[in-house]
Amino acid sequence: MATKTFTGNSWLSILASKKDLPWLTIWIAGLGVLWIWDALFLNAPAFARLQIAFLNSLFTGVMVVLFSLVLGWFVGVSLHMLEHSKSKVGFAVISFVTDILRSIPQIITVLIGYVVLTILLHNGIIRSSFVQMLWIAGIIAIAVFLEVADTIRQRIDYFRTLDFVDAMLCCGIKERRIINVEILWKNSRSHMLHKLIAIFGISIFLQCSIDFIISVGLSTDVSLINFPMTLGNLLANVDSKQDILALSNLFTEPGYLPVIFVRHLQGLSVAFCIVFSLLCIYMIANGFVRRHKLA
Amino acid sequence: MNERKYNIRISSEGRELVAIDDFRLAKSAITVLLGESGIGKSLILLAIAGLIDPDELDVQIDGKPYAAYLRSQEAIDIRRNGFFVFQEPSSHLNPLATLRAQLREGSLAKTHDEERILRKLWQNSTSSDIESILDVYPKPYRPSGGEKQRILAAMAFKKMAASAELEDSTFIFDEPTGNLDNRLRNEFLDLLIENFRDRTATIVLITHDYSIISRFASTYPAVSMRILYRELMLERGKLHLRDFLPGEYLSWLEKRNAAVRTAKKTETILRLHPDIEIFGRTLSISRDKEGCNLEPLVIRKGAVTYLKAPSGTGKTTIVKLMMGLIKPEKMLMELGSAVYTEKTNRNAWARGVWGKQMTMVFQHADESLNQNSKVKDVFSGLPIAGPMNERTIANSISELFEEEPSRDFLNTKVKYLSGGQKQRLNLLRSLILHTDILILDEPLNGLDFASAAKVITKIEMKLQSGIGVLVISHNEEIFDTLVAADDIYYLHSWSPNCTMPDTSKR
Amino acid sequence: MSALSGILRKENSGLRTRLLVHGAGIILMAAVFWVFISAVEVLRIESRESDKEIQKYLNLNKIDFGDPLDRTLFREALDIFYNGQTQRNDSVLTAIDNLRQRQFSDPDYKTGEKQSGLTWNMVKRLSGMFLQFIAVYGIVLIIIYLLAQRIAVYRFIKMKQHRESYLTQALDLINNARANQLGLISWSVVRKSVFLFMKALVKGMLLMLLFSPAYVIAYAVKTTIDTSSILFMILLGIISNGVLIHTANKFFTFLVAESRKGYVQTAVVKNLHASYEWNAPEGIPLRTLLNIKHGFRSHVFQPIFFNARFQFIPALKEHASFLVTGLIIIEMALNIQGHFCYELLQQILYKQYDIAAVIIFCIFLTVKATEIAIDIWEHKEKRKYGY
């Protein structure tokens, strides 16, 4: 049985001790290899589309993370403050609304957001791709920000169960400072970062899924080409779908394997990019939990 | 006396937590292990008992990897024949099994004497009382901390009874009396000595309760030859074990007792009326132990008021409601010219009381301080006029620490300090404020004898500046030397046979 | 009835409050959707009336609105009859264009049958689809609940056995290999590390399968397997979209957190079995993975497992909601005709927003019903353990 870990102070042992860094390295390296392969074998227009799609998805994912952080922080702290205020009306209203939002599957929230987006596109209210991506990030953030709000509330509630908050209050330290600085900033950064990594993964998944879904069509007036190029959008493209369908050939004709990596590269590259990124982000999040002993 | 000497190194991710070359464990004796909290006492004994998870910490014993030690006959025997009573009773009981089931689990299933042990630890309780406790699934709030602690002790005594015939077995009690009042603590010590007297067990008692020294000295002189006092201390960054002479503590205590203490009739700052209702319970305050003559609790300028009660009565609850942290169903408190009742809004405390008129030091420094703050940042956000620069912080810290702190120390994160250092910081954060009243909940928690003496001196200095102090502490032996008899109050659950004071003025 | 009286008892006040909040949420959403559906219906009636007016123009003989000359003549005629009302006349022409376009694209006109929103037939059709959706959801949820626990327990025990990942083992092997005099690593090290890399690759492929969005898997096997069958949908619901792996990971996290708690140390000093070796005398029999509820007696893992399971129950809510998301994606992205969520997409496409709203409300009800069931289950478990 292998029970030993890396010995000495090699770069391997340093990587292994960080737990999340090896997977970050694998992710970047994997995408790097894919990029080189595509640069060599994928036709130039498809390669350009793939790069734009990846960057757009990355940008949207990052924006989802930012929006979720702001929304989650605001709602989490507000809920806590309102819960401990004299009047409980505000707390009841916000909890009720968040409770309803929680019961709507994320993809439905995003779908509704996309329906509104198609109406805005159709009426010419939104035109630029940049604004579209911000809109998409905004609606995905609405679907997922409650996870950040929950983490914030859990952290505050945890410290409330200790003497932490009361001891500082008795010394005259303001409650605002105790929550925002002492609890959230100084004691919850790792927890929040972990949650944000997970949200980044969910946002990539939701983005790709919704883009793939709308390839079926949300409106007779607006189609895939009206939306910014993302990984999901590119995967829903007919060429990519054909490439993925070609994988079925492997069941009957295993010798077809080498051909796939050259002839069906667009669809395969997009699918690999999505799946590999989802796997690596999950592993990074898990490694982060282990490194910071969050569980 | 036969002793086993250990060389122990414990680290986590490259950071050394404990390193000691000469940890000695006396066989067939009781070792009372003293020393400030967080210095490594529990960790060392957990390592010896083979209870550290090698995945969590890197341990070396006598220069060998921990895995080798765990496979040794010594470690196997300690685990098989001994027991470890952990200091946090709440987290050491399974919340999804009744106490009865947990008391009869594993190797404890084969042992007898359960009833005798429980009766001794729950003296004055009927069988049905004990039975009803055993049917409980342990929760943070039920049974009480003291009851949980006694259940864990009962497990150890059951194992002790079962291994009575064995030549040697090791029993480690980590702060076993931390949640017990003096009466229950004495019952525990009686049972310990009873089980130890006629056999050859190795017992380690980790404690900060120095009054155990007086108890052993006065009650069990016959076994005193087999009781050793040792103190784990950090000197010039190096951990070592020294023999602690009981006389050091006893003579200090004697000297303090010799001083005359008379109540000063100074100005009253706070008056808490004695009929209080909270969480559906009625609590009352009196000057007599029986609780028949209820009187308001008074805090006066330049004097210490001492509130006593058995464990679990609600001493901390009372001071928390005085601080406006929990809402009672009924209370009346006069603070200066202001009146605070159950109807008073929490904001009133936030505006006028916290950090201005009153402040409070909580008993658990680990919970009260931000572990991820630097030492100098512990003082950030306090309502103090004038700047708190590194110089002023360093000056304040030096009042309770051995020497003026270095810049490195000021920039150290609180989590890397020992428990005693944390407790002193915890005290300093409140002592630095210019409030009229200082409430101290178990202020000597986790302190070694030298630090405790320093804290007592600091409190006396604060009194001279005119501040009023309210103390809650299990260390009655020490605080009785600081307080005049007239300033001692007792907290009770209200008895209908007693006369309630006239509260018609409300 | 007895269940209702049970809920009304005093000790169940916490559950009662939660059920009230759920009930209020359902009522509020029902009201919102009702208002929305009514508004859509009003707009539809208005639109029909307006269409009737415009249709009058389209019915005029000898005018072809596709012919620019006819359009100009018609516009001039309008200007004569409604002199000075340029804006009104422009609007009429735009409305005529819109109606003509819709007559080409709108299914109402294309299929010839007049679909008028939420008809009784539509409700019946939706009910059948909804029941099928719930059945698939229920089956997948139960299988994931059972499977996730077993995967997590297996992973936890493997962790306790201190087995490094294949990749780590391979890298470690290479890192620690000593080169011979020629500066080469021995053949056995190369062989072993290649074998370990292969194992890591297979494991990685399996993991990638579990993280694959459903549509990637479905399209990859579409020409080989009937992807519109219910069985395939259940299989896809279980293995795709990362649902299984995330649920298992949550349970694993609880196991790890519980294993660090003090009561485990107390169990050890009480001499409960503490070895995690498979089938060792004081270890864990491998077959217990089939019977995890009763298989760990006398072992310190038993309280760890039960405490983790206890916390896992409320956490199931978020996983159930994510599972619904996964199933919606499967139905929508795979274009499985006659399925509930595909129907939702179709109704949005053809702007039948009232029907879409009914479908969304049904999905909302499914999640709510799951939350209510889990709340009742959690409450019962808590009562069992004296909370």
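Residue numbering begins at 1 within each chain, and the chains themselves are lettered A, B and C in the order written.
Convention: a residue touches a chain if its C-beta (ideal position, glycine included) is under 8 Å from a C-beta of that chain, and two chains touch if they have at least 3 such contacts.
Just so it is clear, the structure is predicted and the values come from calculations on it, not from any experiment.
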Q.
What's the contact topology between the chains, one of line, ring, star, complete, other?
A. complete
Q: Would you mind telling me which chain pair, A-C or B-C, is linked by more contacting C-beta pairs?
A: A-C
Q) Cα centroid separation between chain A and chain B, in whole Å? A) 46
Q: Find the geometric centre of each of chain A and chain C from their Cα atoms only, then give the gap between the two centres in Å, rounded to an integer.
A: 16
Q.
Measuring centre to centre with CA averages, how many angstrom lie between chain B and chain C?
A. 51
Q | For chain C, residues contacting two or more additional chains | A | 162
Q: Would you pull the chain B residues touching chain C in the complex into a rising list?
A: 49, 51, 53, 55-56, 79-80, 82-84, 86, 88, 91-97, 102, 105-108, 136-137, 139, 152, 155
Q | Complex contacts: residues of chain C adjacent to chain B | A | 162, 260-263, 265-272, 298, 303, 306-307, 310, 385-387
Q) Residues of chain C touching chain A in their complex? A) 21-22, 24-25, 28-29, 105, 161-164, 168-169, 171-172, 175-176, 204, 207-208, 211-213, 215-216, 219-224, 241-242, 245-246, 249, 253, 256-257, 321-322, 324-325, 328-329, 332-333, 335, 344-345, 348-351, 360, 363-364, 367-368, 371
Q.
Please output the residues of chain B touching chain A within their complex, sorted ascending.
A. 13, 320, 323, 325, 345, 350, 354-356, 358-364, 367-373, 381-383, 426, 429-430, 433
Q.
Looking at the complex, which residues from chain A come into contact with chain C?
A. 1-8, 10, 12, 16, 95-96, 99-100, 102-108, 111-112, 115, 205, 208-209, 212-213, 216-220, 235, 241, 244-245, 247-249, 251-252, 271, 274-276, 278-279, 282, 286, 289, 295
